[in-house]
Amino acid sequence: MSQQITTVTIRVRYSETDQMGTFYNSRALEWFEVARTEHLRRLSMPYTEMERRGLMLPLVEAHLEFQGRARYDDELSMAVSCAMVGRARMRFDVAVSQASSGAAVTRGHTIHALTDTAGRPIRPPAWFVDVFSCKSESE
Amino acid sequence: MSQQITTVTIRVRYSETDQMGTFYNSRALEWFEVARTEHLRRLSMPYTEMERRGLMLPLVEAHLEFQGRARYDDELSMAVSCAMVGRARMRFDVAVSQASSGAAVTRGHTIHALTDTAGRPIRPPAWFVDVFSCKSESE
Amino acid sequence: MSQQITTVTIRVRYSETDQMGTFYNSRALEWFEVARTEHLRRLSMPYTEMERRGLMLPLVEAHLEFQGRARYDDELSMAVSCAMVGRARMRFDVAVSQASSGAAVTRGHTIHALTDTAGRPIRPPAWFVDVFSCKSESE
Amino acid sequence: MSQQITTVTIRVRYSETDQMGTFYNSRALEWFEVARTEHLRRLSMPYTEMERRGLMLPLVEAHLEFQGRARYDDELSMAVSCAMVGRARMRFDVAVSQASSGAAVTRGHTIHALTDTAGRPIRPPAWFVDVFSCKSESE
């Protein structure tokens, strides 16, 4: 089954640049979070709703590749998708490119544990499986 | 009575610069927080201990002046002091300068409410008055 | 003459929250920058174009009031306007509120110098006066 | 030949926490930068000096693992080392742990290109090889 991809557009903030004239590397992880937030909203399960239900998705791993520059006020397009990894982890893949030219800027993925609000690992609840199972890697 | 001043030294991080080649303006507020943290520790009342006792100091006001540049890896010296403002507010004053030359970089102050952990305004507890009363503006 | 006001909408990022559960104070200055960027674009003089013409607007002063909470994913509405201050300074006023309820979140202003790319103060060029003079405080 | 390791101590800033009560994930990359900066200074080749000589080390890749929590004001210990990767890339490995307990917080590595100030890839200059060759992975 084909994976759902959400496209999110942002602009590079001045606060996100550094003296090299491009975005500072850690901002990519903040953009990935914006992409995840919008993707979950599109799947009708906003992350705020997840937290209200007692489920948190803390990062356990992140991998980033820096492919090209992005300057202040550049419009960037982010393509994001997600999938279960094994039984109790979730993976989000994000690719960020220049909205005008399509030039690659950065891409990567984050792996998330499923925990309760105290940070203890939990198995995915039924409502979670309903939302995400169709996007499992095993299909 | 003379006010106690704490001096704190930090270095400008690359992540704190922007494409203008100096520090991005919002970083000053983050440095002020580092200064407050060390000042309270020096007064034997770390902010972590305050929060453990159920007292929080959310910002209600901030004022900043930007006086000079500071580049990546510059060593900065911060002079910080605090005082009660009225009966239930606290003010921290911070002056940031180049450690080597003494050139002014930024200065300002922040005004903080005293609240419980739910964010409700409270009157200063006895232990708080003990620690800070001698630094009251009225003396 | 009535001043032009631009309204800009943003969402609070998880990276902008802190352990108090609301946005960290320095983020307000980053949001103000987003507001300025969109306001200048609306006035047909994007800041990137200003910099291309050799004019920069470094902050010399900032004042902020924190009025209410804003949590992760809250939609915020920012109203921004600008005016010349004297002959060679510019002031932006920003008011941030909850988009749904209108509850005030934070407001403040920033004062900017006009400098060349080397950071030297300059008088406003003719094109700058054309764009902004009608928004001068003296009118 | 055994690799040189530099140990750097930092404290978690309030601005680095998020509403989950631990540090926000992107801060790890900012801490890694602090570790790199101090490591290069210890090797008598501060990054500021590299940039003065026209050599920049932009990130091309980053990998992070999040192992444990770190709260506001926790003192963290970072162990950092570096090595050449192939002929024109450099890798920094960083492990961050709680200074008091030794509990692992986060670890990872960053891979850096060697470029001139215009961002064009360059081969390592002689002075660079002098400083870092003894730390090459091939030895």
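Should a chain be cited, it is by its letter among A, B, C and D, assigned in written order, with residues numbered from 1 in that chain.
Simple rule for what comes next: a contact is a pair of C-beta atoms (placed from the backbone, for glycine too) under 8 Å apart; a residue touches a chain by one contact, two chains touch by 3 or more.
Source: prediction; values computed, not measured.
When chain centres are defined as mean Cα coordinates, C lies farthest from chain D. The chain pair B-D and the chain pair A-D differ in C-beta contact count, and the higher one is A-D. Note on chain placement: the centre of chain A and the centre of chain D lie 24 Å apart, centres being C-alpha means. If you average the CA atoms of chain B and of chain D, the two centres end up 28 Å from each other. Multi-chain contact residues of chain B (touching two or more other chains) are listed as 14-15, 26, 29-30, 33, 71-72.
Chain D meets chain B in the complex at residues 11, 13-15, 29-30, 33-34, 37, 46-48, 71-73.
Interface residues of chain C facing chain D in the complex, by the touch rule stated above, are 14-15, 17-19, 21, 24, 26, 71-72. Residues of chain A that touch chain D in their complex: 20, 22, 25-30, 33, 56, 58-66, 69, 110, 119.
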